[in-house]
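Common to both upcoming complexes is chain A, partnered first by chain B, then by chain C.
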Partner chain A sequence: MGLFDLGAGMTLAAGMKMPGIDEFLPQPLLFAGTPFAITRITLIRLIMTAIILIVLGITAHRATLIPGRWQGFVEYGMDFVREQIAVPALGESRADRYTGNLTMIFFVIFLFNLCEVIPGFDMPATAAIACPLVFAIWSVISYVGAGIRTRGLGGFLKEELFPSGVPWPIYIILAPINLLEVFIVRPFSLTVRLFANMIAGHLILAVCYAGTQFLLLSAQPRALAGASILTLAGGLAMTLFEIFVGGLQAYIFAVLTANYIALSTPETVSGDAPEQVDKRAERSAQVAGNARQAALATA
Partner chain B sequence: MGIVTLAAISGDIKFIGYGIAVLGPAIAEGLIASKALESTARQPEAGGHLQTVMLIALAFVEVIALLSFVLALM
Partner chain C sequence: MLTIAASSGLSLFLPDTADLLWSTVVLVILIIFFAKFFMPKFNAIFDERAKRIQGRMDEAEKAQAQARKAREEYEDKLARAQQEASHIRDDARAEASHIISDARSRAEATSRQLTENAQKAIDSQRDKAIEQLKSDMGNVATTLAGQILGQKLEDSDVQSDMIDSLISDMEKRGNADKADEKADAHK
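Entry: the complex of A and B
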């Protein structure tokens, strides 16, 4: 026993198994050694995907004109994506084309995140980098595809890399920055945001519950067992917070994707921009005025 | 008699680095939230739009903090 040994505090730290980064690198369950190795996290993903497909498929199959309680709930979620994510970013005229895609992104990410707090799963399916990466690549495909469809490949690249209204020497710096921004920075930040949020959330929950178990069952002196109430309360509060974070991350992922799509498809292309309508009205008024003047002159 | 070690701390200095690194994003997130609140108080009818913009800005700032989190774990 050293002079600076803190007694109970030291044994507490030494005896407890802290959850670490190994949690996210589980042993493969099936097909070990092949690229198709299925770990616990992959299995959670597969099960959750099956649940989403079956539940939404049955809901869509049984859809009636007057929605029941469950159908109303699902429709509320679909409506939320359209009204809160697609329309504010893209506007009424363009929203419908991309609402399905955004709905998929929002729902799947939210339900994958929710696996974190579902008993039995206890691990967000988005907590291994592959899953957020696939979603981010899908987001890139969405907004690059949207840009190519509205302006063509050349037009899209020209307007993304060489935005107008800039003196030409600036393009030497601006074009590489924009290229990095569109193809590297956006998907990378989408990936890291989702991935790191879910890892941090899972670690917080795991520390809370591991601490509760340790304090309650094996802490010395036994008087410390009472402190497990605090860690348990903290764990339950963080569980609720993690549900909120899971929803928020799915929302942010979908909102950012919608905004990127909006950036790569300028509204003027679809023909409903307010300025264009104003200009057209102005021009027709001008034409009418000219006609009136011509009529007066001939008279 | 050589140097006497009175107390030792074991662990990783990178977690202290993480703590320092998140000071900036923490201040930035506070500023974003306070400005959004202030703007909503000035113009309550713009509240919904401001909230969306605030969340997007928070997401951008959050990436900086999360990058250091990932680096600390690596």
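Entry: the complex of A and C
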């Protein structure tokens, strides 16, 4: 019971209203009952999208050779995606083709996550499963598309499902596992990791602030009101932490997508030596492992 | 309570149709925005910047090469000028010593000439004086001889007187000379 019960806005004996999962299943605000129903989270997502389009659109439209402060900041973000996500996973030669897509994934997921701590929104735009899901599906489209483009549909499926160097009977179990891995497990893990992190983050913040309100205004005995300072400080600290988590989750999502693209596009096509490919694959696996661990740690 | 929690907890992971639709719409818009506008715009700027920087670097390299060449040329010229200067100095020195020795030899020649001329003039003057003296003495001797001869022709007595007086005179002069000599010796 208590904190661990995800019951809808359950009320404690003392009268404290706990945030529950109902917040993530809001009632539609517009077009209720139609496929175009817009809930609070959808609205946040649409507004954030409009902000992204307007701000980045104006930035790109006015972009000059000698960047100002804001343009420099945006370029720093783009450089981060290229140098920290695209190039380590894909190598210089392949990075250019996919940097744009990875930039979109990182920027948009990060900004959607950031809605969690933006006053007025107070809810990540990624906090409804549909949003992480379509991003994960886009990730699948990206790496499957990249694989098909470089090796053709048959070549891609053959190498993904029947990797060379394995005795043929193993294929009986390996092929279905790989099929699941490529088309189900990867997108599912991407979706749930992002979604669960944002849900958890929002709940923590909501508990901190709800607790502050409760302790300050209605806790009995009144001496407990002083403890509200602790929950408020916790809320502020968690806000900073959630900004970090929002960035980290966007980073993980982009890094994993980059690594999946790297796995489905053999680097030898672009003329690199095989041992380099091995090294890079090793490194990619390591990065993916680290990202997974970080994700688990924050979840 | 628990059943509600379980059912709503599960529904949390079931995508809502409307939400899927809006998420897809948003994603497609963002993909198109990034792929068709944002990234090309910035990539063009990055490329242009790289090109400019490359151009700047090439330019700098060219300028450096030019500067190096100019310096080499300058140093070459300087070395040549120094060489030329030292050459000129040597020439000048040689010429100067030449001029000096020339002047000295000319001066020596002139002085010798002058000395010779002077000697010649002196010699000719002396010769002339001797000549003059000779002719004068001749005249005097002639005159004297004429006078002597004239008196002899007039009177033999006179002549003998004159010879006598002449002899006495000569004796007197001889004594006087002796006396003088004695006096000089005494002195």
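Criterion: the second predicted complex is superposed on the first by the 257 of 299 C-alpha atoms of A that agree within 3 Å, B and C clash if a C-alpha of one lies under 4 Å from a C-alpha of the other, contacts with A are read in each partner's own complex, and residues count from 1 in each chain.
The rule is simple: a residue touches a chain if its C-beta (ideal position, glycine included) is under 8 Å from a C-beta of that chain, and two chains touch if they have at least 3 such contacts.
Keep in mind that what you see is a predicted model, and the values were worked out from it rather than measured.
After overlaying the two complexes on the shared chain, residue contacts for A:Asn259 are found with chain B alone; chain C is out of touch. Residue contacts after overlaying the shared chain place A:Ile199 against chain B and chain C alike. In the superposition on chain A, A:Gly57 contacts chain C only, with no contact to chain B.
Contacts of A:Ile21 after superposition: both chain B and chain C are touched.
In the superposition on chain A, A:Leu248 makes contact with chain B only, not with chain C. In the superposition on chain A, contact of A:Val134 is made with chain C only, not with chain B. Of the two partners chain B and chain C, it is C that touches the larger number of chain A residues. Legend: residue contacts after superposition of the two complexes on their common chain; A:Ile38 is shown touching chain C, with no touch to chain B.
Under the contact criterion defined above, the residues of chain A that touch both chain B in one complex and chain C in the other are 21, 192, 195, 199. Within the complex, the chain C residues that touch chain A are 1-2, 4-5, 8-9, 11-24, 26-27, 29-31, 33-35, 37-39, 41-43, 45, 48-49, 52.
Those residues of chain A that touch chain C in the complex are listed here as 5-8, 10, 21-22, 24-25, 28, 31, 34-39, 41-42, 45-46, 49, 52-53, 56-57, 60-61, 63-65, 75, 78, 99-101, 103-104, 107-108, 128-131, 133-135, 138, 192, 195, 199. The touching residues of chain A, counted against chain B in their complex, run 3-4, 21, 84, 88, 189, 192-193, 195-197, 199-200, 248, 251-252, 255-256, 259. The touching residues of chain B, counted against chain A in their complex, run 6-7, 49, 52, 55-56, 59-60, 62-63, 66-67, 69-70, 73.
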